[in-house]
Amino acid sequence: MATVRFGVVGCGRIGKLHINNLINNVPGAEVIAAADPMLDKSGAREWLAERNITNVSTDYMDVINNPDVDAVMVCSSTDTHSIISLAAVKAGKHVFCEKPVDYDVDKIKAVMAAVDEAGVKFQVGFNRRFDHNHKAVADAVKDGSIGDPHIIIVSSRDPEPPPASYVAVSGGIFYDMMIHDFDMVRYVSGSEVVEVSAVGSCLVNPNLQEESGIPDVDTAVVTMKLANGAIAVINNSRQAVYGYDQRVEVFGSKGMASDGNDLVNTATVMTVDGAVSQKPLWFFLERYNTAFVEQVKCFVDSIVNDKPVVVGAVDGLKPVLIAAAATESCRNGGVYVKVAE
Amino acid sequence: MATVRFGVVGCGRIGKLHINNLINNVPGAEVIAAADPMLDKSGAREWLAERNITNVSTDYMDVINNPDVDAVMVCSSTDTHSIISLAAVKAGKHVFCEKPVDYDVDKIKAVMAAVDEAGVKFQVGFNRRFDHNHKAVADAVKDGSIGDPHIIIVSSRDPEPPPASYVAVSGGIFYDMMIHDFDMVRYVSGSEVVEVSAVGSCLVNPNLQEESGIPDVDTAVVTMKLANGAIAVINNSRQAVYGYDQRVEVFGSKGMASDGNDLVNTATVMTVDGAVSQKPLWFFLERYNTAFVEQVKCFVDSIVNDKPVVVGAVDGLKPVLIAAAATESCRNGGVYVKVAE
Amino acid sequence: MATVRFGVVGCGRIGKLHINNLINNVPGAEVIAAADPMLDKSGAREWLAERNITNVSTDYMDVINNPDVDAVMVCSSTDTHSIISLAAVKAGKHVFCEKPVDYDVDKIKAVMAAVDEAGVKFQVGFNRRFDHNHKAVADAVKDGSIGDPHIIIVSSRDPEPPPASYVAVSGGIFYDMMIHDFDMVRYVSGSEVVEVSAVGSCLVNPNLQEESGIPDVDTAVVTMKLANGAIAVINNSRQAVYGYDQRVEVFGSKGMASDGNDLVNTATVMTVDGAVSQKPLWFFLERYNTAFVEQVKCFVDSIVNDKPVVVGAVDGLKPVLIAAAATESCRNGGVYVKVAE
Amino acid sequence: MATVRFGVVGCGRIGKLHINNLINNVPGAEVIAAADPMLDKSGAREWLAERNITNVSTDYMDVINNPDVDAVMVCSSTDTHSIISLAAVKAGKHVFCEKPVDYDVDKIKAVMAAVDEAGVKFQVGFNRRFDHNHKAVADAVKDGSIGDPHIIIVSSRDPEPPPASYVAVSGGIFYDMMIHDFDMVRYVSGSEVVEVSAVGSCLVNPNLQEESGIPDVDTAVVTMKLANGAIAVINNSRQAVYGYDQRVEVFGSKGMASDGNDLVNTATVMTVDGAVSQKPLWFFLERYNTAFVEQVKCFVDSIVNDKPVVVGAVDGLKPVLIAAAATESCRNGGVYVKVAE
């Protein structure tokens, strides 16, 4: 198999995760260049050197212009995703872009147009589609095991809330957290979201709105009408004290497919006080550990064997459109809002 | 303990169920009289005679006017519940009334007023509050184990749809089916429903509306804002092919309480094709078998020990008010509708 | 369907259980007579009268000689089972005999011979064969789902130990407790036990041997070689503090069938401290509640429709032979002992 | 933290697994040398070069004599484990030795003596002690949660049998397979095995004895009396068609700790045919994936922080003594055999 040579832009937590995976866990991939504006201040240069990545820069264009780079992995700060993606695509590179591509619909569409024109592979980092549990649910829907989907329920709760300062710039819960779940609804239903109704409250942190300066919520329920007639519901909480709670259920005309959390271990201790078993894995790095690898393997496969990507630019666009509708609905008491096309 | 002497009005399926339970499974209860308009045509007279119940009539007033009767159990057709209850209460009898008390709010309020005046015990047959699983969830909320409730999810699906002719007179899914779930939300949350948004489709039977002659749905999702700030979601389907699916989940500031279905048995067969385990018990007679007994035991206890009933007339009223709001919301595309007080 | 008229001998706890079941839960059965030596001292006469059973006596021969009695249910003290069974069989009555028929092999064989001669139905009360969970495991073996059985594991633990005085006369753990499990091994394997090795200790009550006066143990593991080549293991404890632990696993050439305990309820409470779920139902009256009914329904069916009984006299004999071998093995350090035929 | 420089002897499947883990997953470890007699024929030289391991040899003494090597990892063929370990220990190297150290008790004792004299760390590769599930069971025993252990049950079944040629030289099921389970019994019980009784059959492959040329079995049950009075049972099968079945249960005076298999995923599909869920992970590379890493992390920690190893040479010796006793017992019809000290 040909080797895909990666240049990585952004060497923070997610960038390092991807680099380690590319080196150790993704056959046919190699990291030959990296860029990060904080290369020296953050210690990234040294970290990269330990992995024999010495072609490094503070300027991402050095990665993009590197003729030996086949694919650019965009792991920079969220507000730069679309800019860097666009530049890389225009330079003829395949791009793996962390989600979200952008919160601005026009900027995503600009990337989509450039991808079409350049004929490169462009994959968005919706890692949960590659989770062994969710994928098994989606597969059961796809292969017809449960018939036509009627009701979809996504429960998605973080173990601890981000700082209010993060929320202030993230666009709020529908953009920074539920965006994954909007993608999940599309993924497991195989259909598009037509209308959404969102309600929410500040139950985890009653002062969230003052602290973040935006009319956000930390507990939210969104109901969706899908194009295929099914109804989907997502519930989000910023804080499940027992850990990362990630479950999907699809109920249909022939049955139900559902999954549970991966637990810390399978042991149970049963005493006079009852049976105590384990909590879910703590957060996304633990739970989606292998999903992070799988998605990149899949991207490499798309490049090497010239297959369509599993999660394309349009999959980056749709959840943003849904998030916009949900945000509007929530700020208007839950009225149904049509999702833009 | 004093014995409570019951007169039963209505000897159809539910009436017979209650009579058998009163005789065999409820200590301190006795059935001394019964009435049913179809006493002879239906074979009820003979069925009752086999159980030594010979004081029988086609006129329910004979039961109500019987001075030896302490408590009347109203198991007649739905449209007569409030009339018979009212008469029995006015005659100074304790009343156990199958749900719904009525679909007409004024008629329920008339019963409530009469109960207050007569000072008798009046219990509504929301049997699910006495289910061992749901009760354990409610208890975990009440005892503070999971902190303040934030999100409540009730999944409630029947194994097979009723005939369209039933739907035509039942008032539709929010009145004849989800009414139990509205009660469940109030029960496990310990709070009141303030506003509801309902969406639904005819996914089980696309011809339901023509066949039933009412604008009903067979798949529905209702979102509720509760007085305590929590958000509740109910999903209903008229047909879960794998059996009666009855699950409740309450997520709160300190954790989550949830239950699962009772299964046909606990056996698992694991082969190269995977691990096959059992389906839920088929329908309410199997699943809520012991709950039917427990609720009547509790009613008898209220009478004998002069305790407040666990499920009173107001608990019969509130779900009807929520059902009215849900029906209105569903017919208006899911707009939020305030629940009347 | 013809009605089977029962006479019950022995009105202690198990006798009453059967009488209630015959009256309320077994269609086609009727209790018309009863006998108990302690009829008046124990309050049994009054208890029976409340159930309209007034043909009562302190002499079991009155039941056996009653020409209206079709079937005798033997619920007397263990040491009288075979005597009363023999008399009833000789009088031409069908007999349902609580286990064990006897601990004396010759006495059981005498009953077997009499049954053959009289041509009546004789069923032994091995209720666990009628448990919904164990039956599903046995059915999976019978229908070939798991192929040829290779390894059988029966875990059977009581919630609390009987008094040492009971053990003193019961014959010890292999006779009064594991006898059910020997039957279970035969039931789920469809094969016979050829040789046994038993080890045990007094871990629950270190003073058991002094207190009971017999060389018994309260924790025991028995390994068995079966005629079909499979190996079976039973483990018993007199005290599982978390409740009655009753599980069966059959591993075979094509897979594994296993069951779990029925739990108090299905609720789980998940907090920072883990997920707490329920314990097993406390003891046999709860766990085998429906099995007690099923076995008698089956017995009635055998009589009414002249079918072979599901658990015959030979099924009463075999476990006693295995218990004898296990007792001998345990007292000799675990040496393998052949089971007599 | 100081870096531990490893030299690896034996670059077959397990050697490569350890090398990859040392490079990628064990902080504070480095691989600086390797040896394998088939260095060139097997392609190992090239494989090592890709990982920048160029100090390689066909002679393991080159690794042992390398002054830069702190620790030797012995992954060579089983019959060379003790020889290479002994040489490495005598050269003052810390040693991580794959199990078994040897099947010859004297050779293991020679290693133990050398380790004592040299004062180096010596760890045996009983990886299952580091499995997240089994460790949680062992921890529950250690911390007193379940009181004194009374009954221990280890179920351990491989997905497919090894070739008869492997069995011919492995010493048979008690040496090559159950040896892990003997260690598990010691690990979770915290006690020593005093006597064993073993029975077995050739149920997976009826021709196993002819094919392997040794009186081996492929289905075995071993019962053990432990020094603390508890009774342990292990069951092994060479072929569980549904995958690697690895479960441990410890029942004690205050409760029970048990674990289940890690499954392929947590999804369940429920239809009219029942609920289908997943099989266990296929084999040890999948199931004990993280355990392989954890044990080496622990070894590195022992070296760097001069702590006692968790699994020492004596832990390599004891299971071999038990395997010898089990083999003898099995060949003598299950008679109890004392384990040598």
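We call the chains A, B, C and D, going by the order they appear; numbering starts again at 1 in every chain.
Keep in mind that, in the parts below, a residue touches a chain if its C-beta (ideal position, glycine included) is under 8 Å from a C-beta of that chain, and two chains touch if they have at least 3 such contacts.
These figures come from a predicted structure and were not determined experimentally.
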C-D versus B-D: which has more C-beta pairs touching?
C-D
If we define chain centres by averaging CA atoms, which chain lands farthest from chain D? Would you check?
B
In whole angstrom, what separates the CA-based centres of chain B and chain D?
57
Just how far, in Å, is the C-alpha centre of chain D from the one of chain A?
39
Chain centres from averaged Cα atoms put chain C and chain D apart, in whole Å, by 42
Among the residues of chain D, pick out those that touch two or more other chains and give their numbers.
241-242, 254-256, 270-272, 278
Footprint of chain B on chain A - complex, ascending
148, 150-151, 153, 155, 157, 195, 197, 199-201, 203-204, 219-221, 223, 225, 229-231, 233, 235, 237, 239-242, 245, 251, 253-256, 333-336
In the complex, the residues of chain C that touch chain A are 241-242, 270-279
Could you list, by residue number, the parts of chain D that touch chain A in their complex?
20, 23-24, 132-133, 135-137, 140, 145-146, 254-262, 264-272, 278
